[in-house]
Amino acid sequence: MAARNISIGIVGGTGYTGVELLRLLAQHPNAELRVITSRTEAGTLVADMFPNLRGRVTLRFTEPSATALAGCDVVFFATPNGVAMGGARALLDAGVRVIDIAADFRIRDVAVWETWYGMKHACPELLAEAVYGLPEVNRERIRGARLIANPGCYPTSVQLGFLPLLEAGIVDLDHLIADAKSGVSGAGRRAEVHTLLAEASDNFRAYGVLGHRHYPEIVQELQQIAGVPLRMVFVPHLVPMIRGIHATLYARLTGPADLQSLFEKRYAGEAFVDVMPAGSHPDTRSVRGANFCRIAVHQPQGGAIAVVLCVIDNLVKGAAGQAVQNMNIMFGLPETAGLGQIALLP
Amino acid sequence: MAARNISIGIVGGTGYTGVELLRLLAQHPNAELRVITSRTEAGTLVADMFPNLRGRVTLRFTEPSATALAGCDVVFFATPNGVAMGGARALLDAGVRVIDIAADFRIRDVAVWETWYGMKHACPELLAEAVYGLPEVNRERIRGARLIANPGCYPTSVQLGFLPLLEAGIVDLDHLIADAKSGVSGAGRRAEVHTLLAEASDNFRAYGVLGHRHYPEIVQELQQIAGVPLRMVFVPHLVPMIRGIHATLYARLTGPADLQSLFEKRYAGEAFVDVMPAGSHPDTRSVRGANFCRIAVHQPQGGAIAVVLCVIDNLVKGAAGQAVQNMNIMFGLPETAGLGQIALLP
Amino acid sequence: MAARNISIGIVGGTGYTGVELLRLLAQHPNAELRVITSRTEAGTLVADMFPNLRGRVTLRFTEPSATALAGCDVVFFATPNGVAMGGARALLDAGVRVIDIAADFRIRDVAVWETWYGMKHACPELLAEAVYGLPEVNRERIRGARLIANPGCYPTSVQLGFLPLLEAGIVDLDHLIADAKSGVSGAGRRAEVHTLLAEASDNFRAYGVLGHRHYPEIVQELQQIAGVPLRMVFVPHLVPMIRGIHATLYARLTGPADLQSLFEKRYAGEAFVDVMPAGSHPDTRSVRGANFCRIAVHQPQGGAIAVVLCVIDNLVKGAAGQAVQNMNIMFGLPETAGLGQIALLP
Amino acid sequence: MAARNISIGIVGGTGYTGVELLRLLAQHPNAELRVITSRTEAGTLVADMFPNLRGRVTLRFTEPSATALAGCDVVFFATPNGVAMGGARALLDAGVRVIDIAADFRIRDVAVWETWYGMKHACPELLAEAVYGLPEVNRERIRGARLIANPGCYPTSVQLGFLPLLEAGIVDLDHLIADAKSGVSGAGRRAEVHTLLAEASDNFRAYGVLGHRHYPEIVQELQQIAGVPLRMVFVPHLVPMIRGIHATLYARLTGPADLQSLFEKRYAGEAFVDVMPAGSHPDTRSVRGANFCRIAVHQPQGGAIAVVLCVIDNLVKGAAGQAVQNMNIMFGLPETAGLGQIALLP
């Protein structure tokens, strides 16, 4: 534990990604939480908003201050889309590393980003520098990065599930299907009717079939992995549970393959990806609160189609946990530092 | 309301299909519930087991009795698989119509049935006579039937979703995908660890990827509709909710098509199938407690793949409600008699 | 069924009380739904907002119109507090009966009302005329009423539970305790953070311990029943479920009593109150979607304290169902007309 | 961290208390998990039964073996009631400390125990030696104990809530009321119909009003605290959530008191009891997965009655976490060692 402490700033932090980041950092052996900003909650004790942090986080939210943030080693943006792009430049110039947990730096084609996110990008010149923070793909680039675009929750699960198949070049790239299911915390801590318990509980539905912002992100990164254009249908669904994503992925195999072995080999060295034994069905609860991705792979009913079942906690491996994992890599810490939480079961 | 009353017997009735059948029949204008049998609960008031029926159903469970049942116009089997095949012959011989809500008469190939259900079939000679009770496909044959094989819950939703595509002959029959999600009441009222609230709540998982009993039933019936062999991958999932099935169906289109119009025309005359406006996403709760199937059809992200979203209440249109619908057809009643319940929302 | 149809107007109707009222009236044999108003949703099909009503309610929301409403036999206010008091006078003058499902006419002391509801009352002169619509207490007065104050959900359950004890005069009136638990639909269909599924699910908490608007309503009516002042502590809690109230009531007995018999006799003639057998524990789901109150009464651990367990569906017997029950009484229909729904179980 | 490791055996461990104990011990800096026994699961990898432990617990369940257990420093019994009393004597004789998470040693009067638990006690001579493991009351005795009776979940929450009131002698001891609500994991990982998701979800009910095994335990310990006999009514309820207990406690004050100050002072030095600010309502989720008790105290509606709101996670502070806390005290470790988990919110 000789590693020096990393001084940390958080912009935002009143949403679910924020409280989860605080939970993880408060248990991290090398993290020193120095400042957390919120325009709307300035003055409020963080633990008054999130009572699970009582006795563990003593900070108050403060007004956003460039000076305070510039004194940190790293700043996390746990903000709505469109905030990080306004603050990243100044922080980078001050020598601060930046990890954006929102979407501002995930899409390399600025026109595509502006179409899907409905606003003008404030610093397109940083897009080329930003590193897409999926360690299982980009670990080496993350090590040297100043600016991390932390992946979305659906994109993390879909990419980790398709990755071995695409790298091996054994599936039809024209007909990928990602049938994804998410708990409602993925919609954020915003007052909306459709995510009220009385609306979303004891119910199941698809949404955004004709277009979801994670679609271009997933396709961009899968194409990066495959090296060629591909086509995917992405159908997200809302599950009446708090946390968790289950991606059920379908790909036509172009020839015979030992998928179990392929997946096990690909992820053999990964601390946070668990390929389960053949025949398994991962539960989302098996990663609840933990920075894990568990995967099972099947070839049902004839074997022509690979079916990948992939679960993560959308707030951990799909957001705050992966952000801490990226921080660990950037600062030369053990990649698992502060991420030893075991999933809560039941 | 001049129609005479139909005297009704129920075999079983201590499970979820049973209590749902009782709820519907107790509100049916032409139904006279005469006898309900249960070996384990003989003597118990039905309303003591299911307090929602207090004041509405005054019957007691009785020991199974061929005589008592033989005096009914129709007998429903709301039993585990393997019971109806033991009792159907005698009832038919006594002139009683039989509706089996379990699976004993759903598979026409007795060898296939015996493989998937793990027992010897007691009356294979009735398989040819049994009519598969999906009114939207087999209405005319149901009208004259003595013995109905009431469809399974997953099969009902998957068939109603694929039906217009298969009849129109516009999809690749080699790569059908049915990603289906069910509430836990689909597992029945049996004490099992994996469906405890503490296990299944706040969780999502696939199951039976390598083989589910509804798979051969679905394929058999889809092939009947298509008129040729086809291949389908079927992946069921468990949703942390009580009732409801959401089938998300994927099929590659073999040419251009106006799917919205196709579906609307196919189901124009159907009282219990609701094709929603273009762009819709049906909620399972929109059919909770009601004998409805709601369907939306999409062509996302390029349009090469048809995505059908199809919801039913597994205990109503997927079981007891469809059984009552079949009874109505068999006895010349209005098909909607006693099935006017509006879904409970929220 | 020779009764003529009652023409009905609804003001509001975009909330949970509204959709529930529509569900019940659409199945009522004597109801003719003529107009439903909503300033914010004028022009929208009711069934587009509430898809469970597709095929059953064809009305559109319209701008509030005194003329249209004045042509109805009865107008229900399914509005936020403070709306009905602005419209009731004109409707009564036009000969229309008014049933306010909100709280505008529940408190007879205008000063108390204005303190708890934080606004000036618009027509205090109507308070004396308004009849508190709890049929089990005020049936005769409801029969002749022009203006009904439909009881709150907590007040309905707490009153029906304490009623036999207070009428019999056998409990200490200084130390009544009502520990009440409600599903989240009681908070209405309003976008608020604390009732999001991600906040309220897998959680339990008390709220409003220092003051809840239903407290003065309950005390006023219990005192009316007891005929003397009394004191009660009321602690409401939020349950992670959609519908249902469970009131657990505690009262010190001042002498020996046969409580089971007392309750059974008191409610013997009531169609919608079910006193369960001794030793029972009513489930909220046993009344889900039904206009029922189920009650069990106990004397545990020595017998000095009566414990009453009382369940209702907050949206039915606690709101829309009771409103229809009141309408039936006012118009001389069978009290149970249109209220025969059986609770959905499971 | 110079403390030597404690070698640990677990008897049982296939239930919820067991998996929670494993989760906590796997993260404990001084714990060395050596053996876990289960007659039914001998040979099974612990992580195959509980996939959240994959990669963290490599043990297999083994046949119960006195020899293997005798080599441990401490043995936890995470078994059904009646098992620990059969094994404790031999372990104590071998110099092993024993912590029974079940109920075998909680009741000092063997006749009372045998009445409530319906079996003959196997080693009544150990009852006098067993220390009731509620550290906030018995810390000093725990330090020197060989045999700990770990408190039940309801008893922990009810005692911590009433404790300051009883010690201060300011409440009427004849009329204590404990209205307690528990998540379903309190019923254990046993296949039973009434705790199926389809039965217990979207539902709320009381149970065991006429008698619950935790009642004599609570009364015994409250009397120990008060020093005199007292009477309490205890009404447990089942909440549709996985974890958490919320005790709502009512006590008549016998005179004026500053309850907020009283509670804050009583628990000032306690690491695991958090007295919240005046006016608070603790959420059960604020302690989900954490070894905490959060308490708020109110004097509503006149002030004659103290209302205490007290939450714990039934599996942590109500079972496995408290057991680890007791182990820490017994072995001279910091009381908080391995118990730093922050509650999962949302």
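To keep things simple, chains are lettered A, B, C and D as they appear, and every chain counts its residues starting from 1.
Just so it is clear, a residue touches a chain if its C-beta (ideal position, glycine included) is under 8 Å from a C-beta of that chain, and two chains touch if they have at least 3 such contacts.
Keep in mind that what you see is a predicted model, and the values were worked out from it rather than measured.
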*Looking at the contacts, which chains touch chain A and chain D alike?*
B, C
*Determine, using the mean of C-alpha atoms as each chain's centre, which chain is farthest from chain C.*
A
_With centres defined as the mean C-alpha position, give me the chain C-chain D separation in Å._
40
*chain A and chain C, separation of their C-alpha mean positions in angstrom*: 45
*For chain C, which residues are shared contacts with two or more other chains?*
16, 183, 185, 189, 198-199, 201-202, 240-243, 282-283, 285, 288, 346
*asked:* List the residues on chain A that touch chain D in their complex, please.
replied: 16, 19, 23, 26-27, 50-56, 185, 189, 201-202, 242-243, 274, 276, 282-283, 285-290, 294, 340-346
_Which residues of chain C touch chain A once you look at their complex with the stated criterion?_
16, 183-185, 187, 189-193, 195-202, 240-242
*Flag every residue of chain D that touches chain C in the complex, lowest number first.*
174-175, 177, 179, 181, 183, 198-199, 201-207, 209-211, 215, 231-235, 237, 239-244, 246, 248, 250, 252, 279, 281-285, 288, 298, 300-302, 304-305, 307, 309, 311, 346
